[in-house]
Amino acid sequence: MNFSLQLLSGLAVGCIYSLVAVGFSMVYRAMGLVNFAQGDLMMIGAFIGYSIIVNLPGLPFWLVVPLAAAITACLGYAVAQSALWPAMQRGASQTYLVLLTLGIGIILSNGARLVWGANPLVYPIPLTHETLRIWDYPVPAVYPFIALTMVALIAGLNVLFTRTWIGLSLRAAADDAQTASVMGVNHRLASAISFALAAGIGAAAGVLYAPITFVSADMGMIGIKAFAAAVLGSLGSIPGSVIGGFVIGIGETLGGQLVSSEYQDSLAFLLMIGILLIKPTGLMGRKG
Amino acid sequence: MSTIAKEAHTASHQSTSGVSRHRRDWAAFAVIVGILWCLPLSLGGFYLYLGLAVAIYAISALGLQIMVGLAGQLSLGHAAFMGIGAYTSVLLQKNAGVPFPAALAAAALAAAAAGLLMAQLIRLSGVYFKIATFGFGVVVHQILSNWTALTGGSAGVRAIPAIGVLGFQIETRTGLFVCEALTLTLLYALLIRLSHGKIGRAFRALGQNEAAARSVGIAVARYRMMVITLGCAIAGIAGAYLPHLMRFLSPESFTWYESLTCLIMITLGGLGSLPGAIIGAAILIVAPEYLRDFAQYKMFAFGILLVASMILLPRGIAGAGMSLSRGKRMHAQ
Amino acid sequence: MILTRASLAATVLLSFASSAMAKDFPVGFFGPLSGPAAAYGSESLSGAQFALEEINAGYLGADKIKLIPADDTASPGVAAQAVQRMIDVDDVVAVVGGSTSAGTAAAIEVTKEAKVPQLSPLAVDSALTQARNPWFARIAQSSTAWAERTAEWLKNNKGARSAYLLARNDNFGVPLAEAFERKAKEIGLELKGRIAYEPSSREFKPTLASVASANPDYLVLWGYYTEAGLMAKQMAEMQIKLPFYVGSAIGIDQFRDIAGPAAEGTYGLLYYLAGSIETDAGKHFVQKWNERYHRAPTQYEGMGYDAMYVLAGAMKRAAASGGVTKQKIRDEIFSTREFQGATGPITILPNGDAERPLPMAELVGGKVKLDTLLH
Amino acid sequence: MKSSQTILTLRGVTRRFGGLVAVNKLSIEVKEASIHGLIGPNGAGKSTAFDLISGLTSADAGEIIFRGEIVTHRAPESRVAAGICRTFQTPKLFDEMSVLDVVATGRHLHNALGLWGSMFSIARKRAEEARTISAAREFLTTVGLGAKADAPVADLSYGERRLVEIARALATEPKLLLLDEVTSGLNPVETASVGELLRELVRLGLTIMLVEHDMKFVMGLCDDITVMNYGSVIAQGSPGEIVQNPDVVAAYLGSPRDGQRSRRSLRADAPACP
């Protein structure tokens, strides 16, 4: 009983890590960029979700998620167009780009603290504290939302990447920017759209995570663990990111009990370093 | 008219490289070291305290600068190595009665060894290295907090002994400052010398294009190890001074935020510039003291400062200063 | 011309003379005003400022206190630097602070060196008063006292036979857990287990599962309100029903928000609970605060208020017995006996710790209800 | 040419990427002080061959012998020390250095001072640095860019970047110079002067290997040519023999029917479309 409950919450947290990790991977593929602001975009999404709930009481939760995601995606689009693209066009080094995204992350998290305050916020909706009973198991009411969103987003991304012209050009741009530009794809637009999509997915993860815990400006630190998830599942691989998220989510939940809760924070990174030592390109890496 | 323009042209070119670049670096050295020695000592009091803090973070930033700015090895766990240096030095002085100079050397060695371990253990390149350095920082912080028997755990270490050099006990702030400023001056000079020769060029080549560096015979893996070890050793030296300033040592001084602050210092000052690292450290330590009323905006302002300086001054304050002085010289001609 | 110069000189002299009669004493305040721990610093600061308005309206005669606040972001390095600056630049006669144990631990080394009296409203780590700094005192209960009262109350008032201990792994949680464990052994309260968790943890289900399988009478937590809230919530999700002691978290709104209905029935020993102090000073404070803010003061606001008053009281006595010097202020702080504060009568012990009544409370119907006032 | 001693031998060198065989049993002999061209359509494995010779990738099978020594699995830096140096398809310089500094990096292996030496031995360091700088200036002058020594790399034109890259490679004092598409992006005048330069270098005893798409340039310059297609050698010989080789005409220049298309790809190096 307890074991399956823990497994379930490991899966739920794993879903959150997965979604943020997918965002990391998308941006990495489309722009060759390690986006350290991804976790902070998730945090902003969660805060925007809070403002939506407070200002539009009665709006069903399944509408709050896409709405917050859309608003955050717009923010992501603006960030990509105004700050990241000029630097990339100048051919700035990886170091420079990583520092730039770190800076954007600092602005987002401390800006959020100024806008929404330093105290943690809790979504004032019943969902936050409700528990469902599924086959006699108590399940927090938000878990079905997480599972549904996860499935919908992964399916949606799959359709987007394989069936639509946007996805095809994004993939082309991601695989070979030069070829893509010959083929007439606007790399700048493709990059910005990828970044915006990643921000939106991150925001969805933030809104879904909020009812499990609370929203606070330092929530972006979850993003760093999600980054470990993306890396251990092979950065740039969408299925790899999903698997990586589950590995870290479940690993933390079960590992925290097996090892020692004092070192729970290190666990994600030790898992990552361990897996990379065995398989240097991650679980789903193509080259061995 | 045309000859003047031509002269101006060659002058501007000469200032960008070769012997005159060396001269320029030493001129910057003279100015910065001059300010370092004169300002805090003559103003005294709290300015001396600020000078102590600036000197420590300037040393640490220099170490990070050669790693990140020069050789392109982005480390997100720099504070961890300061922590290793701080604990090594304090525990040796306190528990084994080791004199400060030896403890300082041990701090540098311990941090260098940890850096080497990180670089060896995580023999990863690019993206993987970056996230691994972050993870390393987290792990070190957790060890410092949890290995209570050795480090005193999260309660920290107090009653830090005074620095003893050759039998003298340095108990005044001035004395401590002289030690720190000497260390900083010496390290800065050595790093300038290093940056001018073969090794410095190899570091820069490694940071700017790894494949090209390899193509001219630079043993990339070896130089990467070298620069990481060196950068971490310098962080260890900075760390060894920190508890003597604060008279207290706690793992909370070596968190991710401290690592981030060091990164902001070198970026704001100018990636790849040694004087930039020192200027950046001075700004990030001193500025908040004069903006105390806006304390809650501090990190927000740092973020804005970081992004704005990267977009507007890609070469940082040091780079902007250099091109400004070059422009002036052209006008003067 | 000469005349005007002379009159100018006279004015200057006069202003000097008047300032010699009525002095502005600079007093420093530090605590986290930004960052995740901001609530502790900013609430105790607003309590201190509230007290200051009353004090500057004649409590010290013509003298006034000028409060110089600084943000330490709960970081030891920043705290040390901020306090150093107050002493060096602002020449403060005393320092009120800090609000977290880590920041305070760094600051006491500075005040010790500079020989400036320091009075902390909130820091509880018992190591602070064992650091042999004769200049440091606090009105907050030491972690030892806090944990011991709790253990005794569990055993004697609640008839508990066993407890399980969870502690935030930092110098707030660990000393409390250690003191609790010692006392529990002494009075024969069985400890079924003790787990320290990382301050950034948000997933406690594995830990709570271990707790549940040990089946203690009480679960005792020494941690921050965010963790307390999440634990209560996750226990409810896992359908673990255990009496839960959460320390001072019970008095914090965000704890109740995060835990939701699961907060009901939790216990906590607070720094201070508005309405629990029946003295004149206690009633006066709550009434005045209500008039101004239309709500009851929080525990940290109460502590900030009293810290300011204990210091002002010491300064008043110092002024009466010769002069307000740092040494004198220090001596008078340490001779504080039964000072009638808003949070109860306060006595400062020779080692700098305080004796003060502590309210044990229970959350009933969403309201914090006094269970017992522990003396 | 007067010397016909072999300086580089490739024997059955193979390199696979996953299922793809990028280079298949490649065997080449390069004569000392000659210019050897390596040509073939896109994806023929020419650049991989250069990577194998310079050590940027390692061979799965076969042997690479340079001046009598087996270097198949040596690290790139040790091959530079042995005398192999290369340039890249798109010039890879150090974008934040001055031109002179870029060329000075080529002197890396000719300098002896290590970490401690660079910091502590003042006189030796000064002498070494002076030698390095004057040597770098000399090599810059060789490629005709002496006047640009102090310019930042960022200010250079594309053609100048190529020349700086060559100067940097020359500064390592190689015995064998590998030039990857040295004329692409150059105008006819620049191409001609590069041709002149290469001839002069060979006259001084250097051996050069070229990967090239400009057929006129290759045919006019090379002593020997190896033609690759799909990772394998399809022809080897003098320019005269290559032009008349029917396999080359069929595979590389394309059959007369679709000659138009292939000829274009041969010159302009259009991107490989899937």
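Think of it as A, B, C and D in the order they're written, each chain with its own count starting at 1.
Basically, a residue touches a chain if its C-beta (ideal position, glycine included) is under 8 Å from a C-beta of that chain, and two chains touch if they have at least 3 such contacts.
For clarity, every value in this text was computed on a predicted model and none was experimentally measured.
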Starting at chain B, fewest touch steps before arriving at chain D: 1
Chain ID, smallest distance between chain and overall C-alpha centroids: B
Maximum centroid distance from chain D, chain identifier (CA atoms): C
Distance from chain D to chain C - Cα centre to Cα centre, in angstrom: 72
Distance from chain C to chain B - Cα centre to Cα centre, in angstrom: 37
Mean-CA-position distance for chain C and chain A (Å): 39
Chain centre separation in whole Å, for chain D relative to chain A (CA means): 44
Multi-chain contact sites of chain B, meaning residues that touch two or more partners: 142, 145-146, 208, 296, 299
Residues within chain D bordering two or more other chains: 95
Per-residue multi-chain contacts in chain C, two or more chains: 34, 38, 169, 198
Residue ranges of chain B touching chain D (in the complex, touch as defined): 13-14, 16-19, 21, 190, 193-194, 196-202, 204-205, 208-209, 211-220, 226, 230, 272
Residue ranges of chain D in contact with chain B within the complex: 54, 56, 75-77, 80-81, 85-88, 92-101, 104-109, 111, 113-115, 118-120, 125, 128-129, 132-133, 149-152, 168-169, 171-172
Residues of chain A that touch chain B when the two form their complex: 28, 34, 83, 86-87, 90, 92-96, 98-100, 102-111, 113-114, 224, 227-228, 231, 235, 262-263, 265-266, 268-270, 272-273, 276-277, 280
Residue ranges of chain C touching chain A (in the complex, touch as defined): 34-36, 38-39, 42, 169, 195-198, 200-203, 205-207, 209-210, 212-213, 226, 229-230, 233-234, 236-239, 254, 257-258, 260-262
Residue ranges of chain B touching chain C (in the complex, touch as defined): 45-46, 49-50, 53, 142, 145-146, 153-156, 158-160, 242, 245-248, 250, 252-253, 255, 257-258, 289, 292, 295-296, 298-299
